[in-house]
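Each of the two complexes below includes chain A, the first together with chain B, the second together with chain C.
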Partner chain A sequence: MPRARLSPILMIGPAAGFIGVFILVPMVLTIWLSFHQWSTQTPFSTAEWVGLRNYEDIFSALSVGRDFKTALRNTAIYTALSVAILLPLSVLLGLLVYQRAVAGGQFLRTVLFASYMVPMIAVALVWSKLYAPTEGPLNQILGWVGIGPQTWLAAPDTALYSLVLLNVWQQIGYFTVLAVAGLTQIPNTLYEAARIDGAGPVQSFFGVTLPLMRRTLLFSAVIAIINAVQVFEPVALITQGGPAGSTNVLTFHIRRVGIERSQGGLGSAMAVTLMLALIVTVFAIFAANRRGGRE
Partner chain B sequence: MKPWKALPALMLSCAATAVSAQSVEVSYLTHWSPETVALLEAAAEKYQETHPDVSISVRAVPFGDLLTTIRSSAGASAPTISGIYDLWLPELVRDDLVAPAPDGVASEVRAAWPDGIAAAAQVGGTLYGIPNEVNVYALNYNKALFAEAGIDAAPATWEEFTAAAAALTDAGAGRQGFGLINSWSAGVVHPFASLLVSNGGALITDGKPTLDSAEAGETFALYKELVSNGWSVPAMGTADANTTGPFLDNFVSGKTGMIIMANWWESALKAGMGDDFANVATAPIPVGPSGEVASSISYTWQTVVSATASAEEQAAAWDFLAWLNGEGTGEGDASAMSDILMSMGILPSRSSDVAANQDVLGRDFLAGYVSVLENARAFPIVLGGQEFTEALQQTLESLEYGQITAAQAQEAAQADALSILERAAR
Partner chain C sequence: MTRLPRPTHGLILLLIIALAVASAFPLVWMVLSSFKTPEESMQTPPVWIPGSLNLSAYGAVSEVIQAGRSLWNSAVIATVTTTGILVTSLMAGFAFAKYRFRGRNALFAVMIATMFLPPIVTLIPLYRMVSAMGFSASLVGVILPNLANAFGIFLMRQFIAGVPDDLIDAARVDGASELRVVFSVVAPAIVPAIAALALFAFVYHWNTYLWPLTVLQGASEDYPIVLSLGRLLSYNRGAMNTPLVMAGATMAVLPPLVLFVFLQRFFVDSMVSAAVKG
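Right after this comes the complex of A and B.
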C-alpha cells in the first residue's frame, strides 16, 4: 500500500478502534439484546430470541408498558421544561454578568458557576430538606409572604416540576458561562453600527445579539437536552420515581427494569427507544437551525 | 553471605507469611446504618481473633440501592456475603447468583429456626441463606394524641379505626389521623397487605393473585375513604431512598396519629422522639368487616453467599455466618447476630435467640409486635415478586392521590399481577 494512503489509516485507526470498541459495540449489543429475553446476570449465550415482543410489551397497556410510557412522558416534560427555562435564563444572566464595566461581574460569574460544581449528593440532600412539605424552609419563606404551603416533591402534580427547578438551579451557571462565551464572540463594531442606525437596546438584542448567538444557543440546547434526558441522581437520591410514578424518568426506570429486576431484554428495548428519541430530537433541532440560517 | 544479600529473600518470606495469614478475604454487603455496621464489624473482629486467616470487611449501601448493588456487582467483584430481603431470593437463585448452603449449615437452619422462616430461605427444597431478622407489621399509635382526642383504647376493628382516624385528624394543625407511606414499595404495599389479611384476604393464593376478591375490594375502598375524608394526607407520607423522610418525621413530630409499620423502625423512632418515644404504643392490625382475627404480614431477611466467590471464600463465608448466627456467640445464650438485631429493635428469628431475649422482647413496643407474630402471614415469595410489589405500589399511590377510583385500582392491581406473574414464569 502506498505510504501516502497508509498514513491516514494509521492516524485514524486508534481513535476509530477506540470508538468502535467502547461506543459502537455496546450500541449494537443493546440493539441485539432488545430482541431477546435475557436475564442481566446470565451469559449472553442464554439470551432467547423473542422478536419484537419486548417492544410490544413496553408499548402495551400492561403495567410494564404503562410504566414505560409514563417514564417516557416524564422525561420529555422534564427535558422540554429544563431547556425552555435554561436557555433564555442563561442568556439573560449572561447579559448581566457580561457587563465588564460593572464591579463584581467576575464574582457574580463565579457564584453562578459554583452551583454546577457542587456534587449532586450534596444538592439532593439540601434540596430534599428545602422541599420538605411541613417544616421545609421554602414553605416557611412562602408563609411569610402569605402563600400557603406547597407540596413540592410530595405530590404527583408538583414533584416533577420541583425536580426541574432543582436542575435549573444546578445547571444555570454552566449555561450562563456558555452564553458569556457566545457574547464575547460578537464584535463591538456591530453594536456601534446598530446604534448609529438608531437601534435601541431591545432592537440591538434581537437584531445583533440573538442572531449572532445562534451557534452558541444551538450547542447549549443540544447539551441541555442530553443532560436532561440523562437525569438520574436526583430521582434515585430523593424521590425514587414517586410519588405515583410522577418522577419516574427513563434512566431510572431502565436501571430498575434492567438491573434490579434483571430484565435485560426489556431494559435494552427501552434504552434503544430512548436513543432513537434522542437522535430524532437532536436531528430535528439541527434541521430547524439550518432552515432558520437559510431564511 | 552478606546480610544485605539476604534482605530480598527475607522480605519475600515476610510477604508470603502475611499473605497466608490473611489469605481469605470475605466482604459483607448490608443496608444497615453506620451504628449497626460498627456492631457487625466488632463481631467480625471477635471472629477473626480465632480465625486469623480470614479478613472480613463490611460495606453498607442505602436500602434503595441494595438489590442493584448485589446485581450490578455480580461476578469477581461481588460481595462474598449479602444481606437480602427474602422476596429477592427466587430470582437470585434463578440467575445463579447465590450459592446453596453446605449440608451442615442447611441442617442447622432447618433444626434451629421455625419451619416457616427456614422455608423462606429455600427454593425448590434447597437452602440458600441463613435467616436473621423477622419483621412483622402492627399498628403504631401516639398515646398522647389518643388521650387528647378522647380515645381510650387502640382500634380493634376497621369501624373503630376510621372513627379514631377521624377524631385524631386536625387539618388546621396539619395533623392526619392515619399515615400512609409512598415512594417506597414495601412501605406502601406491606401496610396494605396487613390490612388485607386482617380482612380475611390475601395478595396471592397458590401462586395466583387474588386481588379481585371482595376482601381486597373492601381494603381498596378503605384507602379511598381515608384519603377522601382527609384522615390520611398522602403528601405527608413520602419516603426517601433510606426509608426515612417525611412519613417518619410526621409521626415523630406528632403530626400523624396512627401508622402501620414494622418493628425495625424502633431505633429510628427513639432517635427522633427522645423521651416522647414513651408515647408510642403498638397494637394488632384492626380487623376488617370480612375478617375474623387480627392478622398481619411478616417477612424475613437472610444472609446469602455469592455463587461467584471462590470455594475457599465461600467456605470462609459460611463458617463466619454459622458462627455469627450460632447459639452463645453473643450475650448469654444468644447469637452475635441477635445482639446486633436487638440493638435496632428487630426481632431475631432463631428459636434460641427468641428464648434468650425474652426479657427484652417483653418491653412495651416490641411486645406488641411479638403478640401479632403468631397470626402473621409471610409476604408471598414468588418469581416476579419485586415487580409485583412495585406495580401494586403504583396502583395504591394513584388511588391515594385521587387519580383512580377504588374499583379501578382493584381492577388494575389484579390485571397487573396476572401479567407480571405470567411473564415471570416464562
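Right after this comes the complex of A and C.
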C-alpha cells in the first residue's frame, strides 16, 4: 500500500488534534500554571513564576490550606465510601440480574441502569426534595417503620453521607452491568466442578465467582474512583459545599478557586495534586491486586 | 450458576421487586410530584398520588427555564457533538485497527489515558484557551472541545478490528479512497456499535453540566436545559413550588430516559463489550 504512510496521519489527525489541543495541552498548562501566580481572567503570558509556593499554600495552615485539605479529605471519604458500597452491591445485584431461576432480572437491570442515564442536575433537584427535613418523602417513609427524622443534607455530620447515598443510587446500575459482564465470562463447567466437589451456593460463590470476578472488580474500582472525584452538581446546586464545609469536594472547590475567584495558579496546584493522588491510588490498587493474585 | 433450592425462589422474586421499587422511587416520585397542585404538595401527611393529571406546573416552569430555547440548545449541543465524535472516532478507530505504523501503540495508549482524566484537571486552562479563541459564552465554545474522545476511538477500534480485511481490500481494489472505505464499507458493517456510541455520546452531552456552566457564564440564551434548571433553585425552598421544580426536572430527564428505554440493548451491550474487551 503506497498510501499507507500518509493515511494514518490523515485518519488519526482530527481525533488527535482535538484530544491534543483540548485535553493534552490544557493538562500540560495545568502543571505549568501550578508553579505560577496567575489570574484566570488574563492571558497565560501574565503568569509569574513562584516555584512551589502554590503547593506550600494549599498545604499550609492558612485558610487556603485548610479549605483545600478539607476538600481533599471530603473527596477521599466520599470516594472510598462510594467504592466500598458500589462494588459489593454491584456483585449482589449482578447475581440477581444474571440468575435465570426467577424472572425479573432483566427488568431489574433496566430500572437500575435508568438512573445512570439521567442528568445529575435533575437528580440533585429531586434528591434535595426527597431529603427535605419535614415534608421530605424519605423522612416520612422512615417514620412508618418507627425511625425518627434524619438531618440528611442539613447537618455537617450527615451531609456528605447523604451525597454518597445519592451517588450510589445513580451509579449502581452501571456497575451492576459491569458485574453481569464479569459473571457471564465465568465458565459453567467451573460451577459444575464445584458442585461435584460438594460445594454449596455460598462456597461456590467464594471459591469460584469472586476469584474470577477479580479483573472486573479491578476495572469497576478504577472507574468508580474516577467517577466519584467528579461529584459536582449536587454540591454546586444544593449544598454549596456546606453546611460548615462538610460537602466541599475537590471538583467544586477547584472550580471555585480557579474560575470564580480567578486564582488560576492556586487552582492548578490543587488540580495537579488531585491528579497525582488519583495516579497513586490507581497504582496502589493495581499493586495490591498483583500481590493478592500471587497468594 | 449453582442451582438454587426451590423455596428461595419466592424470596428472590420479592428481593428483585423490592430493589426495583427502591431504585425507581426517586424518578417516579419526581413525575408524580410534577402533576400535583401546590395544595397537594404542601399537605401533611403527604399526598403520594396526585388527584388529577394537572399540567399547570409544566406551563409555569416552561417560562422560568425558557424550556423551548433550552431544550433546543441541549439538542444542538448533543447532536453536533455526537456527530463530531462519530466522525473522528470512526476515522481514528479505523487507523488504529487496520493500519500498521510506527508509534501506533504508544499513540493509542496516550489517547486512551485521557479517558481516565477527570475534566476538572484541565478545566482552568481550557476555560482560558476557549475564551482567548473568542468562543466563551457561545455554543461553539461548549461544543468545540468535545468533538473527539478516547472512549469513542476505543470502542470503534474494538469493533472495526472484527471487520474482515478482505472486505476492505476489495473496496480498495475497486478504487475507493480510504475515507470512502471507512464511511461506506466499514461503517455499515458495524452499525450496532455506531448506534451505541451515538446514544452514549448524545446522552452524555445532554447531561453534562460542568463545562457548559463554566464556558457559558451568564450567556443565558445559550443555556442547555441542565443549566436552566439551576434557575429553579430560588423555587426550591418549601413544598409549595415542588411541582414546578419537579416539572422542570422531568423535562430534562425525559429525552435521555426515553432514548435509553427504547435503545437499551445497544447501550448495555456496548458498555459490556467495552468492559470485557478492555
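Heads up, the rule we're going with is that the second predicted complex is superposed on the first by the 270 of 295 C-alpha atoms of A that agree within 3 Å, B and C clash if a C-alpha of one lies under 4 Å from a C-alpha of the other, contacts with A are read in each partner's own complex, and residues count from 1 in each chain.
Everything that follows uses one rule, which is that a contact is a pair of C-beta atoms (placed from the backbone, for glycine too) under 8 Å apart; a residue touches a chain by one contact, two chains touch by 3 or more.
Here the structure is a predicted model, which means the values were calculated and not measured.
J.: In the superposed arrangement, does chain B or chain C reach more residues of chain A?
T.: Looking at chain B versus chain C, the one contacting more residues of chain A is C.
J.: Once the shared chain is lined up, is A:259 touching chain B (first), chain C (second), both, or neither of them?
T.: After superposition on chain A, A:259 lies in contact with both partners, chain B and chain C.
J.: Once the structures are superposed on A, label A:196 by its partner contacts, choosing first (chain B), second (chain C), both or neither.
T.: Touch status of A:196: no partner.
J.: Touching A:154 in the superposition: chain B (first), chain C (second), both, neither?
T.: In the superposed model, A:154 contacts chain B only, not chain C.
J.: Can A:132 be said to touch chain B (first), chain C (second), both, or neither?
T.: In the superposed model, A:132 contacts both chain B and chain C.
J.: In the superposed arrangement, does A:63 touch chain B (first), chain C (second), both or neither?
T.: So A:63 only meets chain B here.
J.: With the two structures laid over each other on chain A, which partner does A:145 touch: chain B (first), chain C (second), both, or neither?
T.: Neither: A:145 stays clear of chain B and chain C.
J.: Determine, under the contact definition given at the top, whether A:37 touches first (chain B), second (chain C), both, or neither.
T.: Touch status of A:37: first partner only.
J.: Just checking: does A:8 make contact with chain B only, chain C only, both, or neither of them? Give me first, second, both or neither.
T.: In the superposition, A:8 contacts chain C only.
J.: Scan A:245 for contacts with chain B and chain C and give back first, second, both or neither.
T.: Only chain B; A:245 stays clear of chain C.
J.: Mind sorting out which residues of chain A both chain B and chain C touch, each in its own complex?
T.: 40, 128, 132, 134-135, 236-237, 255, 259
J.: For chain A, which residues are in contact with chain B within the complex?
T.: 37, 39-42, 57, 62-64, 67, 128, 132-135, 151, 153-156, 236-245, 255-256, 259-262
J.: Mind pulling up the chain A residues that touch chain C in the complex?
T.: 1, 3-5, 7-8, 10-12, 14-19, 22-27, 29-30, 33, 40, 43-44, 93, 96, 98-105, 107-115, 117-123, 125-130, 132, 134-135, 137, 140, 169, 172-174, 177-178, 180-182, 185, 188, 191, 194-195, 199-201, 204-205, 216, 219, 222, 226, 229-230, 232-233, 236-237, 250-251, 254-255, 258-259, 264, 267-268, 271-272, 274-275, 278, 282
J.: Given the complex with chain A, which residues does chain C contribute to the contact?
T.: Those in contact with chain A are residues 1-4, 9, 12-13, 15-17, 19-20, 23-24, 26-27, 29-30, 33, 42, 44-46, 87-89, 91-92, 94-96, 99-101, 104, 107, 110-111, 114, 116-129, 132, 144-150, 153, 172, 178, 182, 203, 206-207, 209-210, 213-214, 225-227, 229-230, 232-233, 236, 239, 242, 245-246, 248-250, 252-253, 256-257, 259-261, 264, 267-268, 271-272, 275-276, 278.
J.: Can you name the residues of chain B that touch chain A in the complex?
T.: 64-65, 67-68, 71-72, 74, 91, 94-97, 174, 182-184, 234-241, 245-246, 249-250, 253, 255, 386-387, 390-391, 394, 397-398, 400-401, 403, 412, 415-416, 419-420, 423, 426
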